[in-house]
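Below: one structure in structure tokens.
Chain lettering (A, B and C) follows the sequence in which the chains are written, and residue indices restart at 1 in each chain.
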Amino acid sequence: MSVPDMVEPLLKVAGLQAWYGESHVLHGIDFEIGRGELVTLLGRNGAGKTTTLRSIMGIVGKRTGSVKFEGRETVGQQSNIIARLGLAYCPEERGIFSSLNVEENLMLPPVVKPGGMSLEEIYKLFPNLLERRRSQGTKLSGGEQQMLAIGRILRTGASLLLLDEPTEGLAPVIVQRIGDIIRTLKERGFTILLVEQNFHFAATVADRHYVVEDGRVIDMVGKADVQQSLGKLQAYLGV
Amino acid sequence: MKPSQIALVVALAASLVAPFFAYPVFLMTALCFALFAGAFNLLLGYAGLMSFGHAMFFGMAAYFFGHVVKAWGLPPELGLLAGVLGAAALGLVTGALAIRRQGIYFAMITLAFAQMVYFLCVQMPFTHGEDGLQGIERRALLGGLIPITDDRVLYYVVLAIFLFGYFCIYRFIHSPFGQVLKAIRDNEPRAVSLGYEADRYKLLAFVLSAALSGLAGATKAMVLQFATLTDVSAGQSGEVVLMALVGGLGTITGPIVGAFIIITMQNYLASFGEFVLVIQGAIFVVIVMAFRKGLVGEIADWWKSRGKKAG
Amino acid sequence: MFDFLGISPPALFGQMLLGLINGAFYAMLSLGLAVIFGLLNVINFTHGAQYMMGAFAAWLLLGIFNVPFWAALVLAPIIVGLIGVAIERLMLKRIYHLDHLYGFLLTFGLSLVIEGMFRWQWGSSGAPYPSPIPGGYNLGFMFLPTYRGFVVVAALVICLVTWYAIERTRLGAYLRAATENPTLVRAFGINVPRLITITYGVGVGLAALAGVLAAPIQQVSALMGTNLVLVVFAVVVIGGMGSIMGSIVTGFGLGLIEGMTKVFYPPASNTVIFVVMALVLLVKPAGLFGQTK
């Protein structure tokens, strides 16, 4: 159910619970990610996947349990401290700033650790962003905004990327492009936690899949077992 | 009987005998401001609109009263009517414009309009500028039947006006109109989707609040026999906010308590001159930081929590 | 030279200059208010009192420590800005989660406290402050006091520098992004609470800077702030708080309009800005440069 022994996971979540105000959304999330892995959180709408990402990032108000990054406990920390440890977040709504142009959006997240990509490298990965660098951030198409949202966290030197539904609402051609980009990032050594509703997309990139239901992790399926487990996975996702 | 009903009866009884124990002019002044604060609170506590320019209704009504009684020599009833109608008309005009924005912008717009009215009052001949309208006669009411030169007699008249004003507030809050207003305050988009024209309801509340503030202002002119620039000043607007805040927003009795506290405080601190401002400001700060429910609100909360512990 | 509509050129241009000067202060103050409101969602009623404190700081620095105007131009904003930082840290920070109206009330209360203390200590009447560049130039069509010309230029420079800082620098990008989505900006590792504190401090410092510039022109009095801030609110409603350049243009423009009104129809000069506000509300409630937020 976990990472090979003797290697400490990059991220270890245990018993994570979270509340939005009075609403108890996460009832106990447990999973791990090893360095260099790409792991997905699968589940239906409202299962708690996005809340899990937000809780790890420190954005959700009330959380209890344990979230250890590189062995360091972060569950009680403020989000800006967590980010500086080496985590980066690409939200579901993309969060492109309308009062900034494309290049300003790219340059906004500060470098938190050495080893991040340079601006030139990011433009090489996303040439259409280079073309539109002076455009207002929100004037870009959905696909371009998604690439901008991914691109801007690559500069920071963060080693763990949290991507929330990067393919949502995008045309199949763009989805493929994003898949290529994510595979490239994995090759470069980024560790990625991916939230996806599109299971077929997730299956093409991930090492392991965790299934989230009602604020809990109820199953884990490794890459090798995906074919056999298709039936039960489809049942989980209500497809 | 419920404790609140008992308290009401006690308060009414106390108000009837009060002029024999306290200086009537002080009581009447406090009642006028209590009505003013209640009118303000109607808008803020029940319609969710904070006006920072309510002095324009209070002060203009005072001027209208003074002008009708002193310059035109008419009986005080007409003066009061002039004050109420004048304030209501001003409320209609300013409200229609102010309601176009919400929240903080609404407050700033009302503040700006009040400043405009202030500047107009400085210049308009009928207000007598810096001197104001002084020495407004206390003519008898009801064609000579009720002489009000005696403070005690006037007290009961003012008490009647005050009770009438609060009766209006009470009836409005508990009417279907008031319910809709509360719904708009709590969730405007929902109320609009249900078919209610939110702006109309808000404007009505605004005009009513203005009219009652006018009643308070005209009555104040009747009691204290003057109307000056202070009555239309930004300081006066701020003061009524303070009274409502101190007493407790969204409670009916809060503004009354708040008004009495602030008026009493002003009396005691009159010798300190400008320092009163510092204290008022400090009270604002303390309340916002720590006692947002105001005196009546906090006591009501404490009473409820006691009930829970015992039960 | 010829008269214009019965007004002599010196009177006309003299009033225009006065209008420009008033406009300069409207612009500087509404700029500070807009920046603070954008990020903190608080209408800083204390802005007027902080402007007044800037003028008083210059006056006290001169009177007690013999610090000249040019040094006060630097010191006063720093002193008052630090007081602003204290206000934000100790009080404003604790009420961000509440309805914005509470911020308004808090800053209103603070303005009463500050103004009350200054009035209590120094009374309401004003004290003069010597002009650092006395004298002027006779331009033929008008007489231009050198200091007043300097104030207009200085104000323009300050406004443009502020605009540049916000629209063209990295820190400005942080500010603009945090105004839009503070949670996300913080999740990128930027200390947004500290950014907020700094922004408030700078906004307050800007008000104080305006106060220092105002000292030689008008009497330094405890009341100078409130009188001004109430008009600035109208300016801000007219301009809308959506754009920095919008605030600057609106401020200068309204100052000119006010000046012109003083020439051609003096009784309305006090109220013309409010009348404009009423008109703008009828036609474009979000303000000339505003976006409905």
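Keep in mind that, in the parts below, contacts are C-beta pairs under 8 Å (C-beta built on N, C-alpha and C of every residue); 3 or more make two chains touch, one makes a residue touch a chain.
Please read these numbers as outputs of a predicted model, since none were measured by experiment.
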item	value
Central chain (by mean CA position)	C
Centroid comparison with chain B (C-alpha atoms), farthest chain	A
Highest-count interface - the chain pair sharing the most C-beta contacts	B-C
Centre distance in Å when chain A and chain C are each reduced to the mean of their C-alpha atoms	44
Chain centre separation (chain B, chain C; CA means) in Å	32
Rounded Å distance between chain A and chain B, as computed from the means of their C-alpha atoms	56
In the complex with chain A, residue positions of chain C that touch it	170, 173-174, 176-177, 179-181, 183-192
Residue numbers on chain B that touch chain C, as the complex places them	50, 52, 97-98, 100-101, 103-105, 107-109, 111-113, 115-116, 119-120, 122-123, 234, 238, 241, 245, 273-285, 288-289, 292
Touch list for chain C against partner chain B, complex	43, 91, 94-95, 98-102, 104-106, 108-117, 119-120, 124, 226, 230-231, 233-234, 236-237, 267, 270-271, 274-275, 277-278, 281-282, 285
Chain A - residues contacting chain C, complex	57-59, 78-80, 82-84, 88-89, 91, 95, 97-100, 104, 107-110, 112, 153, 156
